[in-house]
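I'd like to ask you about the structure that follows.
Chain nomenclature is as follows: A, B and C, assigned in order of appearance, with residue numbering initiated at 1 for each chain independently.
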Amino acid sequence: MTVERDVMEYDVVVVGAGPAGLSAACRLKQIAEETGKEINVCVVEKGSEVGAHILSGAVFEPRALDELFPDWKDRDAPLNAPVARDDVYLFRSETAATKLPNLFVPKTMHNEGNYIISLGNLCRWLGEQAEALGVEIYPGFAAQDAIIEDGIVRGIVTGDLGVDREGKPKEGAFTPGMELRAKYTLFAEGCRGHIGKRLLEQYNLREGVDPQHFGIGLKELWEIDPAKHEKGLVVHGAGWPLDDANPGGSFLYHLENNMVVVGLIVDLSYTNPFLSPFDEFQRFKHHPVIKQYLEGGKRVSYGARAITKGGYNSLPKMVFPGGALIGCDLGTLNFAKIKGSHTAMKSGMLAAEAVAEKLAGGAEGGDVVSAYPEKFKASWLSDELFRSRNFGPAIHKYGVLLGGAFNYLDQNWFGGKLPLTLHDTKPDHECLKKAAESKRITYAKPDGKLSFDKLSSVFLSSTNHEEDQPIHLTLKDPSIPIDKNLPLYDEPAQRYCPAGVYEVVDADNGGKRFQINAQNCVHCKTCDIKDPAQNIVWIAPEGSGGPNYPNM
Amino acid sequence: MKVLVSVKRVVDYNVRIQVKSDGSGVVTDGVKHSMNPFDEIAMEEAVRLREKGVVTEIVAVTIGGQKSEETLRTALAFGADRAVHVKEEGDIQPLTAAKALAAVFKKEEGKLFLLGKQAIDDDANQTGQMVAALLECPQATFASKVEVEGETAKVTREIDSGLETLEIDLPAVITADLRLNEPRYLKLPDIMKAKKKPIDAMSFADLGVTPGAGLKVTKTSPPPSRSKGVMVKSVDELVEALKSKGLI
Amino acid sequence: MSKILIVGEHAEGKLNAGVGKVVAAAQGIGGDIEVVLFGDSLGEVASQAAALDGVAKVYTVERAENAKPMAAILAPQIVEIAKGGYSHVLFPGGTFGKDLAPRVSALLDVQQVSDIMAVHGATSFDRPIYAGNAIVTVEVPAEPMIVATVRLASFTAVAAGGSAAVEAKTVDAALPSHTRYVGLEAQKSDRPDLQSAPKVVSGGRALGSSENFEIIFKLADKMGAGVGASRAAVDSGYVPNDMQVGQTGKIIAPSLYVACGISGAIQHLAGIKDAGTIVAINKDEDAPIFEVADFGLVGDLFQIVPELTEKL
């Protein structure tokens, strides 16, 4: 349908109010203040508020924050739980675990000087700083697509509101999306951003680099018995319930106020189609090392999000005419440290500095901000990512024990500068073995105290979507789930989705039907990544829809 | 005709609220807040009345701390011309709120007072009725339809036995129910313009309002959980059981 | 000792069933319980009120202006009576009481308590907040008096075995003329509205088709109940989405809820947590709904539902 759209113009539009996007916005305004040259910045965010769609462990390294706001403490940044101790475990079975002596822990997993935070709350705080600096932030507005004219990115268009399930405008409610045009547009949608995905293809940004690699992170926030709480304790683990063919890692951090976060990251290169990351996470919590903290506590929230873990080797070109990728949309997470927030922030700041230079030089916009990749290469960010470039590939190639040993050597003895680079060239969605060749996993029923079912979990994410709107999980070919994925892989979407969106149910005519419960979607993007047929394309639903994560 | 719309900042209706383990209240830190949905409906009605030419000025009013300003900006984005922020922190009970709102209404010389029938946090369903009592003017609660003609309004209300229509003289208070209208989506340019619209700040003292004793909350608990009942083995058994409970 | 005034609701010569429940709540407070009725010609209503166990006295205030219950008209009259030594003024928590009580409360300069669900004493009560997702216990100042509405779903009506005295009362209060009654469009009686029906039957995805939903409609009609459905049934296209019961559909509180072929996902349970009695029929004995159902029957709904319809 052709629609008349309003247009608003800015110097810079930022898509996504996460750590990268907000840092970029703040930095632009700081530079504007320093140089006395105004820069109008607009940030659009699909969540109902800043932080609504953000979740992360998270153990936060304050390096980039120290640069952006050296006085963050005086400004009451929510860094309230300094790391007190790091415990690293190798979970050997359902009941057994070995604690690694500190000596054998890779340097990147040492967290002195870091803080356990809620990334959602940090972003809320960053949002406040940004608004105080004059950034316009618009939550509840989903960027639907980039405006590309003559091969140049000119901004973005927000989604139409008030469209019914069949795609028809609703009488009296239809509100067309608008065009937010900018000299430069920064894409900070996080892992597997849907516009970022298109830009990577449009501008062939992936040429010559390893494919991107992903994980799915599932996390819960718990209020536990004060007697069991040790503020500042960081627990990391590898091994059970996962294994070398289906790798991953776990975490449990003690925040302030008797709150604890617990989570599992499952590498999306996993091979068994019967694996359910959600159920692995639920059964993981029964391990004595974890149970000892959670028992008697109350689960307060749940969420899940895909993680970009390819690191240095998978970094695509970061600029194209009129725009750039920052944060996890680019792929800046440091998997060796399992930290992506400080790197996202730094990438946003570097992009902002490069864009500000362009604007100061009187640029009209729409050209390539080549200073950004140059600054990137010269920064500590690039150095950090380079040093940890082998971590992920090592685990993939050599498994947890040998890969871990390799990483220990690489990080602790060679500072990440081992003169060899391991490449992981198989895309995650090609990793699944056929169902016929794989072992079915029977997961125990959740006990309702430590482990729970999917729907009860989604319930706690406060997820909601406007009912009557087009389904935002689109299929290139609607027949593939039942005709191909089901016989070949037992349609793994039923399992890898952490929110129970996809079901295979009996159809009226006796066959099977692929049911999509879009209402449950927590915007994690795992389906877009892991579908073996790459048939599911996630697009942004109506703004404000999705989770409303509290303190995640 | 000037209409006042009272709006309240509440925990968003999508949020799964958590009761604090020490029973001291509900967790409100770090959770999404937004305008009370019933107040959104009242705002929408005010804007529709202006589009019909009945109303010439819309003033939004809220009582709350600093963060309540967000709610006023939303009201201004909806289409309110001005806003009044009665800046007071802490728990404000309906009677005190009503006294303040009545005072603002009198000050503004309003003709119509619109607000939601209840706020989804406290669920008191009192404030509108109390404002009407204090102003000695008509009240039409749970409105599902509003027609204004000159100095009177015809309001259809959703009551237990069906739809009741009252005719009331203005000035009057009307509280909005769910089916009165469907609020529009806010447009980005309107949200932008809202940042520049004027907000007058004042306090209870400015309005001559002194909060009274009010209710004291001694404990907050989660709702009683339903427990497993009885498994019956046949339809006959079920019918017996329901009959004995007087349900059929 | 408490002296409690209950404002009675009635229509078309019948006392509203809620009044008996308010009396039950009043008994929890203790003390003298008196009922006041307003109307233009009350007829039998007064003796119905007088018959409620525990009621000591019934007052009738009959005047032309009271023909229809309008808050602005009744409130000043209630205030005048209440000032005659009452410690509590209680209202049934339906739309009548919700509309009227706050006006009375404000005229008395008293902070009202809404939706009492439990009585702990003369000044301490439980009430629901956040749509019943949290319960607060409130301590209410006794002076000058306590005004409250009573949540009807939380109390069982007292029996009707009494015979209190009925006395006509004249009230001097000046009454406004700014509110005028125009008319009432009664609830259509074919199938009760899902949102307010006292009995509801719902079907889930197990029904398998919109044709199969017929058995649910038949059972509902036999029971005089409203009809609802789970999200799964709606998403499968068996019924329209205004029938959806649950977190993102309708949140209802019928006295009787019969869930047929509904597994009981938490999102659905969020829509029925305040139902009086929940009956579950499902062929899966592990279905979560059996954890919260008051009566559960494991079996094939295609046999059970028609059998139930027949045997009612």
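To be clear about the criterion, a contact is a pair of C-beta atoms (placed from the backbone, for glycine too) under 8 Å apart; a residue touches a chain by one contact, two chains touch by 3 or more.
Quick caveat, the model's predicted, so the values are computed rather than measured.
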Revision key, fill the gap. When B-C and A-C are ranked by contacting C-beta pairs, first comes B-C
Check your understanding: If you average all the Cα positions, which chain's own average lands nearest?
Key -> B
Study note, to complete from the structure: When centres are defined as mean Cα positions, the distance from subunit A to subunit B in whole Å is 37
Review point. Where the centres are mean C-alpha positions, what is the separation of subunit B from subunit C, in Å?
Key: 21
Review point. Taking each chain's centre as the mean position of its Cα atoms, how many Å separate subunit A from subunit C?
Key: 47
Point to revise | Contacts with 2+ other chains: residues of subunit A | key: 459, 464
Point to revise | Multi-chain contact residues (two or more partners), subunit C | key: none
Review point. Residues of subunit B that touch two or more other chains: which are they?
Key: 16
Point to revise | In the complex, subunit B residues that touch subunit A | key: 12, 14-16, 18, 21, 27, 29-32, 34, 182, 184-189, 191-192
Revision key, fill the gap. Residue set of subunit C touching subunit A in the complex reads 205, 208-209, 231, 235-236, 241, 247-248, 265-267, 270, 286, 288
Point to revise | Touching residues on subunit A, where the partner in the complex is subunit C | key: 445, 453, 455-456, 458-459, 464, 467-468, 505-506, 508, 515, 517, 519
Check your understanding: What does subunit C use to touch subunit B in their complex?
Key -> 11, 70-72, 75, 94-96, 98-107, 109-115, 124, 128-141, 176, 178-187, 196, 199, 223, 255-256, 273, 276-279, 290-298, 304, 307-308, 311-312
Study note, to complete from the structure: Counting only contacts in the complex, subunit B reaches subunit C at residues 11, 16-17, 19, 26, 93-96, 98, 120-134, 136-142, 154, 157-169, 172, 212-224, 226-239, 241-242, 245, 247-248
